[in-house]
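Have a look at these structures, which come just after this line.
What follows is chain A paired twice: with chain B in the first complex and chain C in the second.
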Partner chain A sequence: MRTRYFGLLMKDILYAFRNYCFHIVIVLSLVFVVLINFVIAEDLTIKPPVYYYISYTGAYESALNTTLETMKKDHNNVLQMSSVKEIETNMNKEINCIGLVITGVEDEVDIEFLLHGYENEQVQSTLILAMKDEISHSIKGEINVKTEIINSAADQKEIPANKNILPLFLVMESTMLGFILIAALIFIEKDEGTIKSFAVTPGRLSEYLISKITVMAILGIMGSFLTAGLVMGLNMNYLWLGVLILLGSVFSATLGLIMASFFKTISESMIWILIVNLLLGLPLTSYLLPSYAPLYIKLLPTYYLLFSVKEAVFPTGNDTIIIKTVVMFILILIVLYFLSILAFKRNLERS
Partner chain B sequence: MLNVKGLYHSYSKDEHYAVQDMTFQVEKGEIFGFLGPSGAGKSTTQSILFGLLELQRGEVSIDGMSVKKLSDDFFNMIGVSFESPNVYKNLTGLENLKFYSKMFNVATEKPEELLKEVGLGKDMNKKASQYSKGMLQRLVFARSMINNPKIWFLDEPTSGLDPETASRIKAIIKRKKDQGTTIFLTTHNMNIADELCDRVAFVNDGKIILIDTPQKLKLRYGERSVKVEFMDQEKLRTEFISLVDKQGQSQLQKLVETGRIVTMHSQEASLEEIFISVVGRGLI
Partner chain C sequence: MNRIISIFRRDFKSSVREYILLYMMIGPLLLALGFSMIIPNTESASLQFALEASLDQSIVDEFNKYGSVFLFESKEEIINRVNGMDDIAGVMSEKEGSLFIILEGNETHDTKVVPQKIIREINGVNDASISYKIRDIGVKRSPISIIGSAALMITAIILGGIIIGFNIIEEKESKTIQALNVTMMNKMEFIIGKSLLGFVLPVAQVYIILWLLKIDDVNKLMILVIVLSGTLTASVLGFLIGVISDNQIAGVMNMKMIYLATAASIVGAMVIPESSQFFLYILPTYWIFVGFRDIVSNTATWHQIIINLSWILGMTFILFMLIKKRIIRGLT
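And then the complex of A and B:
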């Protein structure tokens, strides 16, 4: 059994190599490294829409209006609203925006910034400070500035914007790319009819599937360690990252095997490859906007994987999130593994 | 060696049978030809025999082992040469065979030797994607011998091969038979069936129509006449003379006595003619 498994594994590694899977993973890893280290700025200023309402009447009215007009020119997403309520309505509709309310009379100007609570720190430190600064320059009177959080969010440690994207790339590479690659390999073998020739040897379907899953895990770990290593050096928890990427790769590979068993050709399955990848990638939104995590996203295993990988890459000592994810993935994988065996048996009979 | 009794198979799992009521035995060391047109049920039967399709009804055993309980021992003793060239195209011929040799739990043949035997010695390190159709066919054939099978399933083993290579393949089949390998041969090629098979089964509409040795079939369905070419007043004449009636026997005797016969051939029916006469349709 061991000889057969290693025979299959060697063949699958060779086959993945000759079908450029290793090349794709290495090139993609290097692209991610270049993007993180050289393309995406460390200090990323995001300019979300600003909804403002002004009810101030007094000596500085004209100066304030001029300032707001200048802001509009610099930042084309500054929009005037007719009431505070309208700002709040817009903020409830749009998850990435801020509100600005200017009230007061005569010499006293009250400025209130409305935030969701999960805004990027750069938004608060750069955009809001810039707006405050701009307004303070134009009026000489007393200005009361306050910031109100309309939605509470978890504290985030200060992570450079470029490196903050690393967990996202790691999960994308190991799960989404792994899913596509295993599907591609299975369809090549389906086209060649080799699974039929394997089925008349003592080799077992479980060995056949585990070998393919192993190759995907190797590719996932290789790509992730290459990317993470070149971006973070030694400043991360490689053990947890390895475990998480391994589970993520095995998860997507098993999912890819099940999906591939339902179709004869890659073109037949293309729409499903896209749909599944889109679903796997949905939690990326929640990663970028942590407070945006509706139930349907939380039902996707990649949601937990993403935040666990973040914990492994930027450790805060919160291993619980990683352990919970590991346990959850192990349980999911047991179910998926048996489903993949059933799906392939059924497929083999049909072909 | 191979026992099939009351075999039925329905893909729709109802009364629409692709294979129905098939019963036959193949003895050890025998070459058994399974002949029939496309859609006759040959592939379905074969797939059940080597475990690719689940046995729904009936009994199938190979060397005493039922196909209901597929084990390593079962697969270790069978070899399957598929008609389609189902090899790893991105591996070389040698890599393909080395990989398959690791899948068996029994002593295997040397891949290099097998490839030389089928005439792929020079091309063993080329990727299979660079092989011609005939070369792929030979690679599949060589692969099926890797575990030195006791029972060997061959599906159109000479299809797409040039005459020289085809006779090399036929020689290997004959040698394997002499070594005691039982061979289950599926083919459309009646000449090969005639040349190689000890017995043949005619299959049509999922049923076995007839089983016998090619010789007995020819005798049973042949005309029992001879085609004689002889000199008649310095001209070459051809006549078909019956060996059954007295007039024919006497005519033949006279020709023999006068020494005028140039050529003489017995008029056996070919397997293809017999198939058409029995089944009512051709093999294609």
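And then the complex of A and C:
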């Protein structure tokens, strides 16, 4: 059995090599290394411009000016306008900005926020709260609220924006590569009749499928170690990263096998494969907006994989999330593996 | 002309027979439908707070004004929740009643700072003699909806090109190209005939996507200009995939490269400052995305659209001239 498996594996590796799979994985990884290390900036926080107009004179003048000065220091696009109309003109040109109008005399200050209209009530309340708090800070000074930090290692580690996208690449690119690639491999062998020929040999279907899954895992681990190694050096947990990428690659390859079994040609399957690929990529929204984690995203295994890979790449000592993900993926893989065997048996019987 | 239409009809028939046309048609539309359901949720993406259940209702109500509140019975439960993968701030009260915050440490700036501001507001630290108002200027379309719809439209166009590419690979593998080579048909007729499907479908899809996303107050003619020029780019890219890929595996790998260029155009246009976007100018996909984005946000002018069109056509023409020989040779 072992000899048959290694024989198949060598054939699949050679096939992938001849079709430049290894070359393209290396090129893509290097492109990402260059993008992360040299093109993307370390700080990508884009704060929406604030256009303000102030005509207020009175007791609060100095507090308001201090507040505006603090805002200008915090982000460089707080700009004074000469009229409310000028604010509105700028806001009509830009889809992501805020207007601020401060009027009134003596003890009566009127602060009006100009918004586009798509901002929800929570955003509106937060804007007012932030302004109130800033003005109060200018008048009364700093008032601290007690805060307990559970994981002080995580608190000290500020991840630069360019490196923060590394887990996204490792999961969406290296790991999910097998999803599309394995389907292509299966369709070629379907066309060439290799599957039918294999069916009349003593070889088992499981050996045939596991061999292909192994090639995808090798490509996934190679691509991710190359990218992560060149970006992070030795400052990450290679063991956990290897385990997670291995499980992720096997997951995507097995899912690809199941999908491929439903279609006759690659053109027929391509749209669905790309759509499922995009769906599995949805957790990147939660990765970029960590307080946005609705149920439909939490139902996708890639959500857990993404955050666990982040923990492996930027360790904070919270191994629990990695262990939970590993256990979850092992359970999912057992189910998917049997499903893929069933799907292929059905497929072979049909053809 | 008749031969071009014959090729188009043959592709059309075989696509219908294998349900490819149906899949091609409904695939991007399903994505649009899914996106239209996600938009309202994403727009209300706000902060999350894990509060102790025994806190006063007035405190819970106050936190509710700024985000989603989840109640927990004990400190352990709150710590477990805060330790989860997403960002959520825990809030509890000390024995004497004062509120304090529990954080994991890796939260984003807003999750760390806003709970402090809310607690200061609850403690009545803020001055009440200033009045606050909100007024909107009546633009209801959010940046998420604008960028998402532009990305969906470009996806529909690029998918058309990818299908052309895989059609060609299949023709090469089934040796139909050799058979066609001994007929009266010339290469250009074959190319145009093959591309027609990739032209017709995205035009219909883009308008249906706009309808599904309820984006009806945009300049439809400007959309048509960008779609038609975009489909030209997608067809050339499709042919490129088709001729340089000896089989479907190579096709998938080459498709990944094209996906990368498209993704780079979208992400680049969003996160790179406008003054530094010049190195994306050589990508026609950048101009397609920017064109759609400006049209949907109603900020596009005809002058700008003509500039976009010139870049798309110019870059596509250069790409076509660079690979023309390769295409002709690949189809032999």
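The rule is simple: the second predicted complex is superposed on the first by the 240 of 351 C-alpha atoms of A that agree within 3 Å, B and C clash if a C-alpha of one lies under 4 Å from a C-alpha of the other, contacts with A are read in each partner's own complex, and residues count from 1 in each chain.
Please note the rule applied: a contact is a pair of C-beta atoms (placed from the backbone, for glycine too) under 8 Å apart; a residue touches a chain by one contact, two chains touch by 3 or more.
Keep in mind that what you see is a predicted model, and the values were worked out from it rather than measured.
Legend: residue contacts after superposition of the two complexes on their common chain; A:69 is shown touching neither chain B nor chain C.
Once the two complexes are laid over each other on the shared chain, residue contacts for A:304 go to chain C alone; chain B is not touched. In the superposition on chain A, A:106 contacts neither chain B nor chain C.
In the superposed model, A:19 makes contact with both chain B and chain C. By the touch criterion defined above, A:201 reaches chain B but does not reach chain C. For chain A, the partner that touches more of its residues is C, with chain B and chain C as the two candidates.
When the two structures are aligned on the shared chain, A:146 is found in touch with chain C, with no touch to chain B. Contact with chain B, but none with chain C, is seen for A:3 once the two complexes are overlaid on the shared chain.
Look at A:193: by the touch rule set out above, it reaches chain B but stays clear of chain C. Common to the chain B-facing and chain C-facing surfaces of chain A are residues 15, 19, 188. Considering their complex, residues 3-4, 6-8, 10-11, 14-15, 18-19, 188-189, 192-194, 196-203, 348-349 of chain A touch chain B.
Against chain C, in their complex, chain A makes its touches with residues 15-16, 19-21, 24, 28, 31, 40, 44, 46, 60, 88, 91-93, 95-96, 99, 107-133, 135-136, 139-140, 143, 145-157, 177, 180-181, 183-185, 187-188, 191, 264-268, 270-272, 274-275, 278-279, 285-286, 289-294, 303-304, 307, 316, 318, 320-321. Within the complex, the chain C residues that touch chain A are 18-20, 23-24, 27, 30-31, 34, 41-48, 65-67, 79, 82-88, 94, 98-108, 110-112, 114-121, 125-127, 129-143, 145-146, 159, 162-163, 166-167, 169-170, 173, 246-253, 255-257, 260, 271, 297, 299. The touching residues of chain B, when paired with chain A in their complex, are 50-54, 72, 75-76, 78, 80, 82, 84, 86-91, 95, 99-100, 102-105, 140, 143, 147.
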